[in-house]
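Look at the two complexes coming up: chain A is in both, with chain B in one and chain C in the other.
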Partner chain A sequence: MKSMRLALALCASASLSVAHAQAPADYPADYAAVIAAARQEGKVRIYAATDTAAASPLIKDFEALYPGVKVEYSDMNTTELYNRVISEKAAGGTSGDVFWSSSMDLQIKLVNDGFALTYKSPEVAKLPEWAVWRNEGYGTTYEPIVFIYNKRLLKPEEVPQSHAELAKMLAANPERFKGKLTSYDIEKSGVGFLLITQDAKLNPAFWDLAKAIGAASPRFQSSSGTMMERIGSGENLLGFNIIGSYALLRAKKDPGIGIVMPKDYTLVMSRIMFIAKTAQNSNAAKLWLDYILSKRGQTIIANQSELGSIRADVEGDLTAHGLAKALGSALKPIQVGPGLLTYLDQAKRLEFIKQWQQTAALRK
Partner chain B sequence: MRSSLRRRVAVWLLPPLVLLLGVNAVLSYRGALEAANQAYDRSLWASIKSIGESSFVRNGVVVVDMPHSALEIFAEGGQERVFYAVIGPDGALLTGYPDMPVPPVVPADGVVKTMDATYKGDAVRTGAMRKRLYDPAGKGDDSILVLVAETTETRTELARNLFFDSLRRQLALIALGAVLVLVALGTAFRPLLRLRDTIRNRSEEDLTPVASEDVPSEIRPLIDAINHHMGRLSAMLDARKRFLADAAHQLRTPLTVLGTQAEYGLRQDDPAEMRRTLKGIVRSIGSARRLTNQMLSLSRAEAVNGLIRERSRLDFADLVREVALELSQLALRRQIDLAYEGLRGGLMVEGNDAMLREMVANLIDNAIRYTPAGGQVTVIVARESAEAVTVIRDSGPGIAPDERGKVFQRFYRSLDQSETEGSGLGLAIVREICLAHAGRVSLDAGPAGRGLAVTVRLPLVKAL
Partner chain C sequence: MSTYAARLPGGGSPSRQWSRGLVISVTALVVLAPLLLILYQSLLDAPFFDPAASAGVGAYRFIFDDPDFWSAAKNSCFIAVGMAVIAVPLGAALAFLMVRTDLPGQRWLEPMLLIPVFVSPMVLSFGYVVAAGPVGFYSVWFGDLFGGVPWNVYSLTSIAAIAGLTHVPHVYLYASAALKNLGSDVEEAARMSGASALRVALDVSLPMVMPALLYSAVLVFFLGFEIFGLALVLGDPEGHLVLATYLYKLTNKLGTPSYHLMAAVAVCIIAVTVPLVMLQRHLMKNAAKYVSVKGKAGRQRPLPLGAWRWLAAALIAGWLFLTVVVPLSGIALRSVVNYWGEGVVLADVLTLDHFRTVFGQPTLMRGIWNTVLIGVIGGGLAVACYTAIAFATHRQPDGWSRFVDYLVLVPRAVPGLLAGLAFLWVFLFIPFLSPLRSTIFAVWLAYTVVWLAYGLRLVSSSLLQVGAELEEAARSAGASRARASRDVTLPLIRHGLLASWLLVFMIFEREYSTAVYLLNPGTEVIGSLLVSLWATGGADMVAALSVINVVLVGIGLGVALRFGVKLHD
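Entry: the complex of A and B
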């Protein structure tokens, strides 16, 4: 925590000193024109499936950096965002300039279906290769997918450190975890579905794990808030496939919650941002995207928004840099690309859900 | 000379090369596109295959279990957008994108067919495959259609890169080729230039053959032709020199005679003697004039030799008759019976009218002159196959066979006829004119071995 506060302070002072700096030195020469055009536009409309609370430090800093460009931030859930983008495009009226969502697959579907503007951010070189697709969809955060548990009720040696240990533990002690295991209801939660399908893709022993989970009569929820609440209260003992950034925020408030990054593999999710092809404020949108990807924006993402920085040159615990030190090659970022379309396939989705329910869902 | 040859080679070589380059560019762009397609169609192919392999029938229902690799394969090489669809045996969309472009012909089973198309306004490369499911419950056609398409940005970029690479190489090759051609031209023309220099530096009098040993074989015919021409030139020049010397010599004789006659006349007091002397002088002047006239005629005929300028179509029979008529006065004076036998017109030849008259006049003149009074001269004109023939026959002394070759030489006069005046040029003129008209002239004895018969043959104009 101490180091984080220190980073915060550093960041504040840094933001003061560069508050009126214009185009960063390593940006193309004509970037000043983009800034001027953005000022003309005066605003950027953002549709996001990310809490306003997490976004507000970014918005404040952005508006300070580019005075005259206002951020209009609309927070909505992932399916709402997806449907709005499509229906507003069909209607032809005003819509968002930038779309930012944790539902990686739906975002990729939108990019694949031609909703995104091709724009090569000057920050591209600083991003990992897996995080950029077509210079349209950009991964912006670095959010490990974790186990959480109740610190009081689960003895340290009982806490599984990997997916394999989780499966072993559940198989060995079905009674101990009966009704005490929680995760996403993949039928209701898009993110839950995305994560479990990535597990299925990555983990060859996935269906054994699913069988072990099913034997423990798990409780599936549609939101991570409920899961964390139940674990905090002790009603559930262990949750898996929890988005690390949420868990960290929760753990800060509730010291009874423990977090484990699985040692065999830790999925890493990244919120995908793209600029609308038909953006009315496309220059402001470019400024916003570049700002989010910049070292300055990423420092705030890591240390104030608690979403995790995707840049290797941003210091902190919750950054690609910090996590790589702890987990090394066990980190498995979900690739930003057309592979994400696989489980959006209607037939595939129904087939998978059916199989999951047969194997892992609650049996009375 | 140097630059113009270069220009000529450039004009002949460069536009076709540019044209070739253009053709080649089109071909190589197509080739590049094909190569790019071949490379990238592999992932399309693999994707379609994997979807096909994951499709099956369960309880009478077609199940498509999208394999992860089917779409992820596109993430590896490129940054293309991907569309796919699986269409059931009944034509209904089982899963994927609606209204995908389908190749017109998709083979029955397991073969992937690819084509270029557009989908939702974007250029795409589409692959299609039909897969049979062998559903035991299905009746007959139970094949599904698997479609996968990707946008073509990477392909066109690769093709463009390949194309520009090859274009750069071709341009470099052509530039190198042009340099080589220039160098080759330089060396190839060097012997020619050397030859030019040696000919240019020759003295004006030098008509000896040009050395043809160290010239390229292509130029040797040219050198040989030049040498041949020079040989003719020097022979002609020699002939001219001799003619000039002979002519001067010949002119000296009448001048000497004139001088003597005039001196003799001066010394006379008797008017009758002076008058006789003057008569002699007038005769001498007459023969000198004839000599000069004949020399002029000969030189004109020689100049004409081979290149008569004013040629026209004329009737040779009429021409001969007219000339004979003109000379009938002379014949009368000499008491010679001049007869004309043969055609009245209708012998068309092509030639110079004045020259031919000169020729015939000389022959008839000889016949009249060398035939003693009371003799006979017959002029015959006839057609013999494709030739106009005229024979001038007289009853005179004739020419001995061994002399017949010599009388055509200039200034040659037979000693037997030394009492008859003449310059010795008449037959030479006849021969030159005859040659210039592609004709032949021959001397024979007259009928019964007496007198002379001169035969001239000229080619007739071909009947139209």
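Entry: the complex of A and C
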């Protein structure tokens, strides 16, 4: 009797899940075939440099939307991710189906080197033009790059509101900020390097700022976690080029952390996702990519993962839409495209590092 | 006078020779495969699996032209020397006090002494930042009392001092293992002729444990070149590089991971350690003269310290406070607050949320389970392997034993981070191994090889103290060599083996860098999760997981002590 009831229950839930897994209304008619094939595959393997904590609401919702497709999520850092992708491809064994990383330049390099599957997502029309490259690499998040400071120790009038003010303040009070300024060590952090070169491109007074930074004996760290920990504790006072999504998450828990989106320009970073050319579960991978870009997925990205929605039709504070209201044309998204490859050239990169070290770093 | 068993009639039965050959070749294979891969990689200009890679010495030219490399090398030497200078005398003194004297409170002190070994250096250094950093709570408290803080945890001297203090247990374990196997009759003789406790320690006990001390000195010196977590967390902000952090920096310096440069640095580190091994061989040549467990039982009687016992106890308490209480209270406090620092009233920010989050995440829970598994079962298997290797070379002073001696010291000299990477390559590119890559076996193998020198020295330290005449007695009574090993030697070193298991368990619990590149769903261990979480900014989770890690080891140790795995008799 018991087993019969169990079987009935199983049938019921199976039919229920079939009802769930309908293609979204505005998708092409053959999308149902993709869903069916993804079901056959049964899983999608994701290599990501995004916290499991931030991704788990997305995973739960995706698995509820497409029952029968399980997400195997591996959380690693950006360098490991790159390393894993190239070595696994060379070895020819199993690898991930989808790669998702905040290291925009490395992702574009992988796409450029032929690691990505060309796939035009049905959501592509809803995305800003700068966020899609060759229908292979897709920007998926909208993360402003901010200043953070210690609210208990820095008076409101001491908080710089723009890059220009930061330079002015550091020059005016070198003693106040001596050893108390923090940011990425650009030699150790690829993201830090990417951000600082974007600064150099956008800010005409960049090298003056670098000089002022250098005069304050800055403490450069290799990860944003360390920077936030030390600003939160008051060991450091002010940090620049911090990924806004991490800072917002942290500020929610630690009321001592303040956040400034610089008024002259605010860089916007976007985690790039692409499907592996050699994906074993390519249909499930397509479902996942489309889901992440869909309004449903982006709403969760904005409200639960706190990574910022890239879509204009998702509302909220941490969305392209909401930020545009506050900052307007000061928002400068980093283009998803071959421009990111410039500094992967060894000579250019070392030249920039040298110049930065001589101007801004503690070690001369 | 010891005769070499190998020369006795029937010394090498064919099956014995066969199993010895097997043990040595498997060891050589697992040690050399990743190593040769590193060497090969260092002579290329791109990842070895890249079809565009071509041979050359460009990688070496690059690092030798880089002033950072030289400053890192200098700092590494400073730290390694500092560590040996601090850890060896302290560890030896500690072992003498614990094993040989009537120091008060030895029972409960012993497990405490080992705590610095349990904790990953990442965690310790994070603990030091929270506790003794510029706004750490001990610093603030000290500053309020005395109007200033005389230390700077980010200086090179602090890093060397902390590294030295936290490596005292390594020396202690070797020295005390040696002392425990030593009858105290010679010491009593010296004592009865009127020598003071200090005199006995320096002139009688010290020379007897010299082999153990030399081993541990060389190992601590090696470990000095491998210091990574401490230098990463404490050395970074003021720009103090050491070789391992320099290597880590090369991962990103050129934008894409520069394996050839990393491999070249690793080869340089190995080149430094080879002369050290030679030196050690030279010092160890006459190891047989230290044999002290003879056919006659030697009772151990504690040396009365008199009034000195309180000074000794105070010194040990001071060391424990600095290396255990300060960082661990820091990390424990950090795990139950939302934030901390200057101007924060800690009572207002207490929370258990971090632990709830950890227990709610399947990945983290799996990591905790795997860590237990790899420590208990993996640790036992590793000790079994080490014992097999130790027997394969025990009292057989031929070319093969010398080969194994050099062989086992090498993997420890390769920074864990890169050793892990090399193992990833091995598991990727050797077809029959690739299905094992995403199982915990991959991590176990990497750990076992990386800690080979360490575990083997512990096993063979005990072996070395079993007098050859005991085995010879068994042999003359007609036992085969294998039987003599099984029924005479093995039971005599069982305490040594159990202690090794415990030590290896602790080491496997705290290892962090080796598993980083092997991190996969299914292979998570706390160590690699800590690095991963640290990089993405999860300081809350790092603190909670560290506390869980320390508690796990504490439980493990408690169970071991409960069931009679005594660290001293």
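By definition in this document, the second predicted complex is superposed on the first by the 342 of 364 C-alpha atoms of A that agree within 3 Å, B and C clash if a C-alpha of one lies under 4 Å from a C-alpha of the other, contacts with A are read in each partner's own complex, and residues count from 1 in each chain.
Keep in mind that, in the parts below, a contact is a pair of C-beta atoms (placed from the backbone, for glycine too) under 8 Å apart; a residue touches a chain by one contact, two chains touch by 3 or more.
None of these values were measured; they are calculated from a predicted model.
Enquirer: Assess the superposed three-chain arrangement around chain A: do chain B and chain C clash, or do they fit?
Expert: fit
Enquirer: Contact-wise, after the overlay, does A:N112 reach chain B, chain C, both or neither (first, second, both, neither)?
Expert: A:N112: touches chain B, not chain C.
Enquirer: One more residue to check, A:D185. First (chain B), second (chain C), both or neither?
Expert: second
Enquirer: Would you check which partner chain A:E351 touches, where first means chain B only, second means chain C only, and both and neither mean what they say?
Expert: So A:E351 only meets chain B here.
Enquirer: Once the shared chain is lined up, is A:I259 touching chain B (first), chain C (second), both, or neither of them?
Expert: neither
Enquirer: Please name the chain, chain B or chain C, that touches the greater number of residues in chain A.
Expert: The partner making contact with more of chain A's residues is C.
Enquirer: Using the superposition on chain A described above, determine whether A:A164 touches chain B (first), chain C (second), both, or neither.
Expert: Neither chain B nor chain C is touched by A:A164.
Enquirer: Please indicate which partner A:K201 is in contact with in the superposed arrangement: first for chain B, second for chain C, both, or neither.
Expert: Touch partner of A:K201: chain B, not chain C.
Enquirer: Answer with first, second, both or neither: which of chain B and chain C does A:F193 touch in the superposed model?
Expert: Only chain C; A:F193 stays clear of chain B.
Enquirer: Looking at the overlay, what does A:L331 touch: chain B (first), chain C (second), both, or neither?
Expert: In the superposed model, A:L331 contacts neither chain B nor chain C.
Enquirer: What does the superposition give for the shortest Cα distance from chain B to chain C, in Å?
Expert: Distance of closest C-alpha approach: 6 Å.
Enquirer: Using the superposition on chain A as set up above, list the residues of chain A that contact both chain B and chain C.
Expert: Looking at chain A, the two contact sets intersect at 343, 346.
Enquirer: Chain B touches which residues of chain A in the complex?
Expert: 111-114, 133-135, 201, 335, 337-339, 341-343, 345-348, 351
Enquirer: Can you tell me which positions in chain B touch chain A when the two form their complex?
Expert: Those residues of chain B that touch chain A are 63-68, 70-72, 74-75, 79-83, 86, 94-96, 120-122.
Enquirer: Can you list the residues on chain A that touch chain C in the complex?
Expert: My answer: residues 49-53, 56, 72-77, 79-80, 82-83, 86-88, 90-91, 93, 105-106, 109, 150, 152-153, 182, 185, 187-190, 193, 219-226, 228-230, 232-235, 246, 250, 253-257, 343-344, 346, 349-350, 353, 361-363.
Enquirer: Touching residues of chain C toward chain A in the complex: what are they?
Expert: 47, 49-50, 129-130, 133-135, 232-233, 236-239, 248-249, 251-257, 338-344, 357, 361, 363, 421, 424-425, 428-429, 434, 437, 516-517, 519-521, 532-542
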